[in-house]
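Going by the order they are written in, the chains are A, B, C and D; count residues from 1 in each one.
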Amino acid sequence: MSPSQEDSFVIEGKLALPYQYFAGRTGSRFLIALRDEKKIQGLRCEKCDKTFVPPRSTCERCLSDISENWVELKNTGSVTGFTIVRYAEPHQPVEAPYILALIKLDGADTPIPHIVKGVPLGEMKVGMRVKAVFAETTTSTIMDIDHFGPAEP
Amino acid sequence: MASKRVAIVGTGQTYHKSRRPDVNGQELINEAVQSALQDADLGIDQIDAIVIGNMDHFEGINYVDCWSVDGSGGVMKPIIKLTTGGTTGSTLGIGGYHMVASGMFEKVLIIGWEKNSESDTTGAITTAFDAIWDRLVFAGAISGLAAEAQAYMARYGATERDGARVAVRDRKNACSNPYAQLRKEITVEEVLASPMLSDPVHLLDVCPRTDGACAVIMASEDCAEKICGVPDWIWATANRHTYSYLGDANYGRLDSMADASREIYAKVGITEPKKQIDVIELYQPYSFAGIMWIEDLGLAPHGKGAEYVWSGATDMDGELPINPSGGVIACNPIGATGLIRCAEAALQIAGRAEQRQVPDVDFALSTGFGGCFWSDVILHGKRKPEAPRK
Amino acid sequence: MDENFADVDPMVYQSRINVPYSWWAGDTASGFFIALRDEKKIMGKKCLRCGRTYVPPRKVCPLCFTENAEWVEVGDEGSLQSYTVCRRQLASLPREAPVIFGLIRLDGADTALLHYVDEIDPEQIRIGMRVKAKFADERTGGIGDIAHFRPAK
Amino acid sequence: MDRVAIIGVGMTRIEANKITDTFADMVWEAVNGALDDAGMTIEDVDNVVTTSNDFWDGRTISCMAVGDASGVRDKNVSCVEGDGAFGALYGLTRTLSGSYGTTLVTAHSKGSESVSSLITNAAFDPIYERVIGMDMISACAMQAMAYLDRTETTSEQLAAVSVKNHGNARYNPLAQLPMEITVDDVLSSEMICDPLHKLDCSPVSDGCCAIILASEERVPRYRGKPVWIEGVSFCSDSYFLGDRELSTAPSLTRAAERAFAMAGITDPGAEIDVAELYDAFTHQELMWLEAMGLCEDGKAGSRLENGEFHMDGRLPVNPSGGLLSGHPVIAAGLIRIAEIVKQLRGEAAEHQIPNARRGIAQGVNGLCGQSHCVWVLGKDD
């Protein structure tokens, strides 16, 4: 009775679960400043002397509430790590190959992951100076920074 | 009931494959459970509680603990689910340990499983990262790991050949492990010639997608020695979920592994891990981890991991064999993978690892990796620990 | 903390987790679906130790934990163990409300099969009533090969 | 059993939609509530167990969202997936194992961020059942139908549970739906799935709860008033609805028997002063009372009608308003435990049950109450 190989059934299905995510108060504030004033802000914990980007309302080290201690950061920063993504996947923000980099903005202690464009793949290196390039049309997301491009040294 | 000492008295695995169309999820789980029960010569009715885990979005089944009971044996029994991403398997091992050590359950069945072939794993992994910040930019685990390898290479001058050497070692070991999925040797040149996925990581540097399950039975000191000749005593467990945002991680170092292993060494008095530990089953989803994370385990100074691997010290005939089972590069059913490391360490301690047995093993380490650069570490020993670990 | 965010309208992101799945039915379920598709027969699996016949069939008896070796054909008629009439158009419903779900213990089976009940006025349904399977004309090997259960004459 | 106490509890308000809070914000609020309640700082916590669900949170590895807010930075941590009462049980084993002296347990979820019907449809077996489109409400309605049929309990008696719990919620400032309603209001509310009306069903809400466990020798070090864990057990029934006798809950009976035995309870109906049960639907509060032996089979409805389970009754059930008045899915079981701790400490303010000395709390996982976790808590006199 056991079926042969091509008769082993597959039930095709899809899990299409709609979600809505709340950026929360601090997240909203960051994204509105980014959208309306093209300003990138972080939240700073004085006790631990650490500025977090993306902003978090509480400091992970000492668990204190830092949600009002906004700090303005520069649009420039340096690459602390990167990779060149070459495999193609439907979920990718841009077509492969593209540069996915970790950028520590001047004034921040934690780098943010983002896309780098305008740099030949072969010349990418850790420590490179980059500058935020803002998107024409805003989507009120982190993609309001369209990508990071090379910055004058 | 005072706290109890705990030992692994039975293990079971499926023959891990890229796809298992002949069984559904519950049946896959049952295969591993039946072989673990047989290994310990126990019936399901002698099990006091069950701990199970996988990564939900890989199978799209909610409340897996409830769904699994036909296969896991949980009907009219206590069953609970633990899940922490890639470290799920080792989280389950640590969970089983605490359930038995608490004195509330004498014999606990622990199950890790995954059917990666049933979903689009990259799509499922992408949703692991913060929906507002990381997810839009990020796509899949490989690019995060590649960024780590790139940073390490920039800092210490390692090369792609160093990563390839680790892949060659593990794929060779896998040939003597009947449960492993990829049992074909490869050379450094073949690794470097394979397609580049995300600089500097090639296709043969990373783990495959696998359908597989693993089951482990842990028992308290009151009955462990009656059940199995050489129980694998759990001496200590530790883990860290150090980061939550990809940007925060310290690329080129695995802080969570360093902290967790340091806690264990301090707790049991290990000062020279290279000498005092006889074998390591390292959860290493891609080759470069094999030269970087062994530094965080204290086996080599920072930047010298590759040298230690090229010296042959971690090969089967070296001073400290790593991944006699072939490790994660040969087989990765994610929810089970951390528990497979735990089960393989137990087989090494019990001297029952057949062709992949490392001679006279007194202490073994099994680790887990996942989440946002998270690590779990479990120390296994042949000797019974003196008093319950505090 | 709140007055700081008085002017901030919270950002909400509509998103969707859209993961395609293909669940392997396995040999046992495939055997069940082939019998439905090709012979309009409903098969169960019997545990030789405790004698229970499971519909849907199970490879291993969940109670005795031994492999159910024996396929057993069960009747296409049975008694309604319980039911509900869904009046609200729930998001999970694939068809127009009202939809009637029932648990049907088929003659010869020891467990009940979850399925639709139709061709009956919702107010007439009674627990314990006899119902009969109505097979779909187009059968492709899936639980949908049984269209629904209707009152047995 | 070695003695472990709960020395700190913290909860957010239960709301339909906490739009201004992320998961981390909610957890941080509850964790700080528990730490203040216990008179502890995060450094006093030896290890953390978070409880979440990837489907409800819309995120693979959902525990990653709340790690920082639970202070896991340099600590051992683990994550349970399922109801918070199960998370607390795993936290208890970690406290009893000798590895840790204090354990922080958190549980959170947001019903507002997703569609509960689709999330619970994903709990059905993908091969045989999921495609026909049932969810938690339709499955539990089928259970209610079987229960009414077997025990002659009436829809009016079901409605009376809703009237009681929404009424109790008027005295609980954290509840989402305090309401003054009548049996007729319930029976005339929208019929969602026979026999369950809208007011027979709990909402799906946003909320978070945190508790702190401490071993006996660590308790004196903090100012949190200890409530002792006297008994706890959990058990699961079969999975397929067709394999089960839906109108009964044998797995709850077994879990309750074991928990009561651990606590040395021989006559639960008389020895228990207050109960916080998992009333996801009105018929379930009655079923759980009968399955735990807190009243005879089939009689919970009539005993409710003569007021035995009201705030001034023989055995007050859900003085907090229960799930019917606010149901953050994953946090619900942990909130039941926290409510019993408040009752036994005499800190339940307006919904306080006078001189309550021993109480029970219940968590549930799976469809139609497949897997139950029963807690017995007591106060030293």
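Here is the rule we go by: contacts are C-beta pairs under 8 Å (C-beta built on N, C-alpha and C of every residue); 3 or more make two chains touch, one makes a residue touch a chain.
Values in this document were obtained by computation on a predicted structure and should not be read as measured data.
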| item | value |
| --- | --- |
| Chain whose mean Cα position lies farthest from subunit B | C |
| Pair of chains joined by more contacts [C-beta pairs], A-D or C-D | C-D |
| Distance between the centres, which are taken as Cα means, of subunit D and subunit C, whole angstrom | 29 |
| Centre-to-centre distance between subunit C and subunit B (centres being mean Cα positions), rounded to whole Å | 37 |
| Averaged-CA centre spacing for the pair subunit D and subunit B, given as whole angstrom | 34 |
| Junction residues of subunit D, two or more chains touched | 19-20, 55, 58, 68, 73, 115, 118-120, 122, 126-127, 131, 238, 240 |
| Residues of subunit C touching at least two other chains | 5, 10-13, 15, 17-27, 29, 62, 142 |
| Multi-partner residues of subunit A (at least 2 other chains) | 8, 10-11, 13, 15-25, 27, 31, 60, 65, 141 |
| In the complex, subunit B residues that touch subunit D | 1-3, 24, 53, 55-57, 59-70, 74-85, 91, 94-95, 97-99, 101-105, 124-125, 127-131, 237-242, 244, 259, 370-372, 388-390 |
| Of all residues in subunit D, those that touch subunit A in their complex | 18-22, 24-25, 28, 31-32, 42, 55, 58, 68-69, 71, 73, 112-115, 118-119, 122, 126-127, 130-131 |
| Residue numbers on subunit C that touch subunit A, as the complex places them | 1, 4-5, 8-27, 29-31, 33-34, 71, 141-142 |
| In the complex with subunit C, residue positions of subunit A that touch it | 1-3, 7-25, 27-29, 31-32, 65, 67-68, 140-141 |
| Residues on subunit D engaged by subunit C in the complex (per definition of touch) | 19-20, 58, 115, 117-118, 120-121, 126-129, 131-135, 137-138, 141-146, 149, 190-194, 238, 240-243, 246-247 |
